[in-house]
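In what follows, chain A forms one complex with chain B and a second complex with chain C.
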Partner chain A sequence: MTTEAKIKPKVAFFDFTSCEGCQLNKLNLENDLLDILEHIDIVEFREAMDDKAEEYDIAFIEGSISTPSCVERIHDIRRRSKMLIALGACATQGGINAMKNLHPIEEVRETVYGDDKYLFPTLPAMPISAIVKVDYKIDGCPMSMPEFLKVLKSLLAGQEPIKPDSAVCVECKLKENECVFDKGMVCLGPITRGGCDAICPSFGQFCTGCRGLISNPNKNAMLEILTEHGISLDEAKKRILLFNSYDHSQSLPK
Partner chain B sequence: MKKYQLNNKQLPSFIDHLKKQGTVFAPHKKGDTSYSFEKVENPNSVVLDYNRTLNSVKKYFLPPREHLLSFSKTDNSFRKGSFKNEKKIFLGVHSYDMKAVLKLDYNFSQGNPEENYLQRRKDSSFIGVSFIPDEFHFSQSVGIPLHDTEGFDIYLEQNSDGYTVKIITEKGEKLIDGFDRVSKAKDISSNHVQFQNKLKYNYNRLPEVFEQSWNAAVWEEVSKKCVGCGTCNLVCPTCYCFDVEDNLDLSLQTGTRDRSWDGCMLNGFAAVAGGENFRETLAERQRHRVHRKFKYISDITGEPWCVGCGRCTAYCTAGISIVEIVNQLCDEYEQNYLNRPAVVGLNAERL
Partner chain C sequence: MSKNLDINIHHLTRVEGHGNIVVNMRDGKLERAELEIVEAMRYFEAMLKGRSFHEAAIITSRICGICALGHQMTSLKATEDALGLEISKQTLLLRKLLVNGATLQSNILHVYFLVAPDLLGAPSVFPLIPTHKEVILRALRMKRLANDIGDIVSGRAVHPITPVPGGFTRIPTVGELTGIKRKLIEEGLPDVKETVETIKSLAGVIPNFTRETEYISLKHKDEYALYDGDIYSSDTGAKDVHDYMEMTNEFVVPHSTSKHAKHNRTSYMVGALARWNNNYDQMTELSQAAAKELGLTPKTYNPYFNSVAQVVECAHCIEDSIKIIDQLLADGLKDEKPNQTPTKYGRGVGSTEVPRGILYHEYEYDRRGNIVYANCVIPTGQNLANIDDDMKKLVPEIIEKPKEDIIKHLEMLVRAYDPCISCSVHMLNVEFINED
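After this line comes the complex of A and B, so read on.
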C-alpha cells in the first residue's frame, strides 16, 4: 500500500421510510468497520453521528419514498452526491411499504391517521429509483451485509459491482441444502434474486422473496408451483407481493 | 471374479477397515427425506440403502465453490493452492454416478486438461452399491445396467442378509485384504429389478431423434412451466460449467480468484459484455441443456451424456421431467418424420 495520504471518499447514509434496520445492520460490521474506515470518511450518518457536510462521493439511502417531503429530500441528496446507492428492500424495490399501494390511498390514510388524515400528506410507497437515478442497489430485508461489502470494495477499487441475477435456489444447491419444499413448505427462492447465500433455507426456513425477483421471473410458473404445493392462488399472490408489490402487483394474473 | 458375503452387522467393522486405509466418504441422511455424501466419522451413520444423494460425488473433484488462486496487487503476484495427497475411498456409489465420474474424467482431460479436477481425482477408489430404482431413475435407458460395475473397485449387491461383495479390480482386492470377517458368497438369485421410468427409445436410437429436435414444440411448452432456477443444471452429475470471479479483501490489495458452479438455465450464463445474451429465453436454454445431455457431446463420444440419475426431475420444483421431454421429442419425431407418406410425396413433387 502506498504511504502517501490518500483522499478518502466522503460517504453519507440517509434514511427514508423504513425501520432503520439496514443502518443498524451496518453498524454490526464490527471487525470490518475499522478496515472500512481506512478507506472512507463517513460524513453523515444519522444513526451514529451528527456531522453534516455539503457534498458526498457516495450516498447510501435506506427506506422508500412515501411522502412529498421524501421527494424533496431525495432530490436534494441526489444533487449533492456523485453516486447514490439504495440499501435494503424498502429503498431498492419499495419493500413491504409498497403493500399499502394495493389499497386505495384514502383508505390507508384513514386507517393509519384516523381523523388527522389530512395533516400528513402521503404518496404511494416507491423505491428510490422511482424518483431519482440510483447507481447501485443492495437488496434484502435487512440488506445483505456480504453484498454491501462487495459493492463497497468494488467501488473503492474502481470496478463495476456485479449484480447477482440468478435464483436463491442456486445458492441452495451450492450449499447442498435440502429443499424446503421437501420439508412441506413453499418457497419463493426459485424466482427470487440470489446473493444472500440462501440464508433462510440454510436455516430451514422458506424464502419470502425479500431480495426482489430475478430480472425475468416466470410469475405464472411460480404461481403454479405454489398452488401445486397446496396453497390457494390468492395466498400464492400475496406471498409474491409481500416484498414485490411495487414492481409486480400489476403483472400478476387477476 | 471373487465374491464374498458381508452381513449387515459386519458393515461397521468393514467401514472401519476402510477408514484405516484412507478417508472414506459415504451417503448419510440429510434433512427430512434426503441424503448426501459426507466424510465418514461414525460408521453407524452411513446409509447404503438410499435413493439418491442431493449432489453426486462430483462435489469432491469439482467443488461447488473453490479458490483457484490468491493474488496480491502490491507485488503483482499470485499463488495457487496446493492439494492434499490423501487416499479417498468413496463407499456406496450408485452405478449411474460412477458413470458420471468417468464422463467428467473425459471432459476434464480433453483439450486443456483441468488441473484442479485431475489433481483431486487422483487416489480415489470406488465401492459401488446396488439400488432399487424409484420413479425418477432411468439409467438403464441410457445404457447403464443396474449392476454396471465399470469404474468400481468393489461392488456390493444387496441380498437378504447384507451384501454380496464382488471384487472388481486389484485395487479392490487390496482394499478388502486383511478384513477377515467376510465369508463365502451366498448363492443369490439376482432378482430381476424393473425400472419404472424409461425413455421411449433405447439410447442408441436417440441420435436420429436429436437430428430433428431443434424446432420441436416441446421447448416452448416446457418453458411455460419453467422458472429458470438452474436446479436441473446444478444437481446434474455430468454438468461441469463454472463461473470465475475475483474477490478483493478489505485491504483492496489482496484477494482470491474463485470459481463456482454455473448452469445454462441461468441468466448470466450466456450473457456477454455489452448486455447481449445468446440464449435469452427459457425455451432456448432448455433446448441447450437437453442437447448438452443427448447431442453435442454424444455426437463426439457416441454416448448419451445423461446418466439417468433422475436428479434434475426429482429436484425441479416445477415438476419438469427430462424423460418426458425426451419422450415428447420421440413422439414429435414419429409424427413429423416417420409418418412419411405426405412428406415423401411432397418431396417427390419438388424433385
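After this line comes the complex of A and C, so read on.
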C-alpha cells in the first residue's frame, strides 16, 4: 500500500443492534492497528472517540436494524457515505438477532418487560441491506479479522474484494481436521459459506452456520444428515436457523 | 441561589453502547439527573426459549462482544448446575485462566483507550499515538497478551469456541501454555508495573468525589473471587447464588431500555471497585503493592476510582495466570472429553465476576435438554441506579463550575463504571438541561 501523496480515505464505524463484538474486534488487531492508521483517517468511531464528521468515504456498519430509530439513522449514514460495508452476521444477514423474529412479537416483548412491554418500540430484526444499499459484506459472528484486513487492503488499492463462496466443510477437509460428526456432534459445515478457515471444527467444535449459507444450499440433504446423526427434525431446523433466521426461516420444509 | 441547568449529552462517546446523560436543575433544585439507556432491546431471554443446552452459551455469548467470555462461563455454569454436570479440575483451571485473560483484556481496553484520554485531555486515544507512543505500544502489547490467552485456550477471544458444557472441545498443548507463561513473565509483569507508574502520574486529575454505597460482588473462601463464589453484600453479608433474585430485584424504569436493580438501599455498585472493597485482602502481592502505590485504600468510596481498581486487577490477573499455568503443567495436561451426560433436568443458576461486575444467568431445562425459562441479570443494569444516585449527589457539589466542566465530570463518572450497554439491554448518552 503506497499512499504517499494520496489523501487518506475518511473511514467511520457505526453500530446498530449488536453485541459490538465486531467493532471491538478491530481493536484486537493490535499488531496491525498502527499500520492501518497510517493508511486511513478514522473520522467517527463513537466507542473509541468523541469526534464526529459530515461525510465518509467508507462507512463500516455493525449490527441489525431493529427499531424505528435504527431505520432513520441508517438512511442518514447512507446519504453521507460513498461506500457502505456491513460487518458481521448481525449486519449482513440479521444474525442471532433475527431469532427473535421466530417468536410472535407480543410474546417476545412480554417475556422481557412484562406489563411494561409498550415502553420501547421494536421491529423484527433485519440486515442492513433490507433498508439501504450495501456495497460489500464481511460475514461471520464475529466477522473474520483476516477477511476484514484483506477487504480493507483491496479497497485501499482500489480493487474489488473477492467474496468467498465455498463451504466450510471444504476448508475443514483441506486442513485435514477430524470431522466433528465422527466425534458425535452435528455440524453445519456442509452448507455454510466458508472464509473463516473452518475455525470452529479446527478447534473441535461444530459449525453453527454463522457466516450464512452458500449460494445454493441443499437444505433438505442437510436436514437429512442432521437427523441421521440423532437429532430431531425440529431440532435440526433450529440449528440451521441459529444465525440464518432472516434469510431461511420461510424456506425450510414444514 | 436560583440556578438553572439543562444538560443533554446525546449518545455519550467512549462507552460501549448508546446512552444519554440528562440533567435538569430548576431554581437550584435538581429535577432530573439520569443516565438514559436508549440501546435497542435484544430480547435474549425470549430467543433462548426452546434452544438446546448445547446452544445456550453460543447464544448468550452474543449478548456482548466485550464480555463474551464472561457470559459464556456464566451460561455454562448455569447449564451444568441445571443438568447436574460435573467438571474436572483441569476444566476449572482452564476456565479460571480464561476469566483472568478476559478481565485483563477488558480492563486494559477501558483504562488505556477509554479513560486515559480524559485524564490527558484528549478526545480519543488516536491523537495520543504520536505524543505517547511508548504508552500506546505498551497498551497494545498488554491487550495482545490478554487476547493470546483467549485465542489459544478458547480458539478465539471474541465469542470463544472451545468452552462447552462439561469441559472443552480442545485442550491447549504444553507448548502453548508455556508460551503464554513466558509472555506473562517477560512482558506482562514489567508492563503492568509501568502501567501503575503511568496511572499514578495521572491520578491527580481523577475527580475527588465520594459517596458510600452498598457494594455487591462474589466472595470465595479461598481466593479473590472472579470465576466463582457466594454473593456478598457489604451491607448484609453472604448469600447463596441461587437466591440472586433477592439481591437484584430488577425493575423497569421509563428512561432506560435496560432494567434497574436495588437491594438494601436505593442502589448498589458492582464491578472492580466493589470487588476491591469486598475482597482486597485476597489479591496477589503484586496487586496489593500496586494498590498502595496508586493510593487505592481498602474501603474506597470514590466511584471514579473504579478505573484504578481495574489497574490493580490487571496485576492480579497476570500473577494469578502464571500460578494457574504452573498448576496445570504440574498436574499434567489430560486429553479430556467434555462431560455432557445430564444427570437431572431442572433449574440452575450461574454467577461470575465479569469485568463490569457480578453477572447471573438462570435457566430451566425440560427433559429433552431444551430451555423453557431464561433470565440474565447484567452488571451494567445493576449499576444504573447507582450511577443516577451518584449524579444526584455530584451535580449540586459541582454546580458552580463552568458547564463544560460539569459535563466532563458527568461523562467521566459514567465512563468510570465502564458501562457495557449492549450487555445491559441484553446502554449511554448525557442530556443536560442548564441555561441561566
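Note that the second predicted complex is superposed on the first by the 250 of 254 C-alpha atoms of A that agree within 3 Å, B and C clash if a C-alpha of one lies under 4 Å from a C-alpha of the other, contacts with A are read in each partner's own complex, and residues count from 1 in each chain.
The rule we apply is simple: a residue touches a chain if its C-beta (ideal position, glycine included) is under 8 Å from a C-beta of that chain, and two chains touch if they have at least 3 such contacts.
Please read these numbers as outputs of a predicted model, since none were measured by experiment.
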Fit or clash between chain C and chain B when superposed on chain A: fit
First, second, both or neither for A:Met99, with chain B first and chain C second: second
Comparison of chain B and chain C by chain A residues contacted: C
Contacts of A:Ile162 with chain B and chain C, given as first, second, both or neither: first
First, second, both or neither for A:Gly21, with chain B first and chain C second: second
Angle, in degrees and to the nearest 10, that opens at chain A between the C-alpha centres of chain B and chain C: 120
Contacts of A:Pro217 with chain B and chain C, given as first, second, both or neither: first
Touched partner set for A:Leu233, first chain B, second chain C, both or neither: neither
Which superposed partner A:Glu178 touches (first chain B, second chain C, both, neither): first
Minimal inter-chain CA distance - chain C and chain B, angstrom: 11
Chain B/chain C common contact set on chain A: none
Complex interface listing, chain B residues touching chain A: 30-34, 36, 54-55, 59, 64-65, 74, 223-231, 234-235, 245, 247-253, 260-261, 263, 266-268, 282, 315, 317-319
Chain A - residues contacting chain B, complex: 1, 32, 35-36, 38-39, 149-150, 153-154, 156-157, 162, 165-167, 169-170, 173-179, 181-183, 187, 189-191, 214-218, 220-222, 224-225, 228
Residues on chain A engaged by chain C in the complex (per definition of touch): 16-25, 27-28, 30-31, 33-34, 37, 42, 45-51, 66-67, 69-70, 95-97, 99-100, 103, 107-109, 111-114, 116, 119-120, 122, 141-142, 199-200, 202-205, 208, 235, 238-239, 242
Chain A partner contacts - residues on chain C that touch it in the complex: 11, 13-17, 38-43, 45-47, 49-52, 55, 58-59, 62-66, 68, 109, 113-114, 123-126, 129, 136, 140-141, 143-144, 147, 155-159, 161-162, 164, 168-170, 252, 254, 257, 422-423, 426
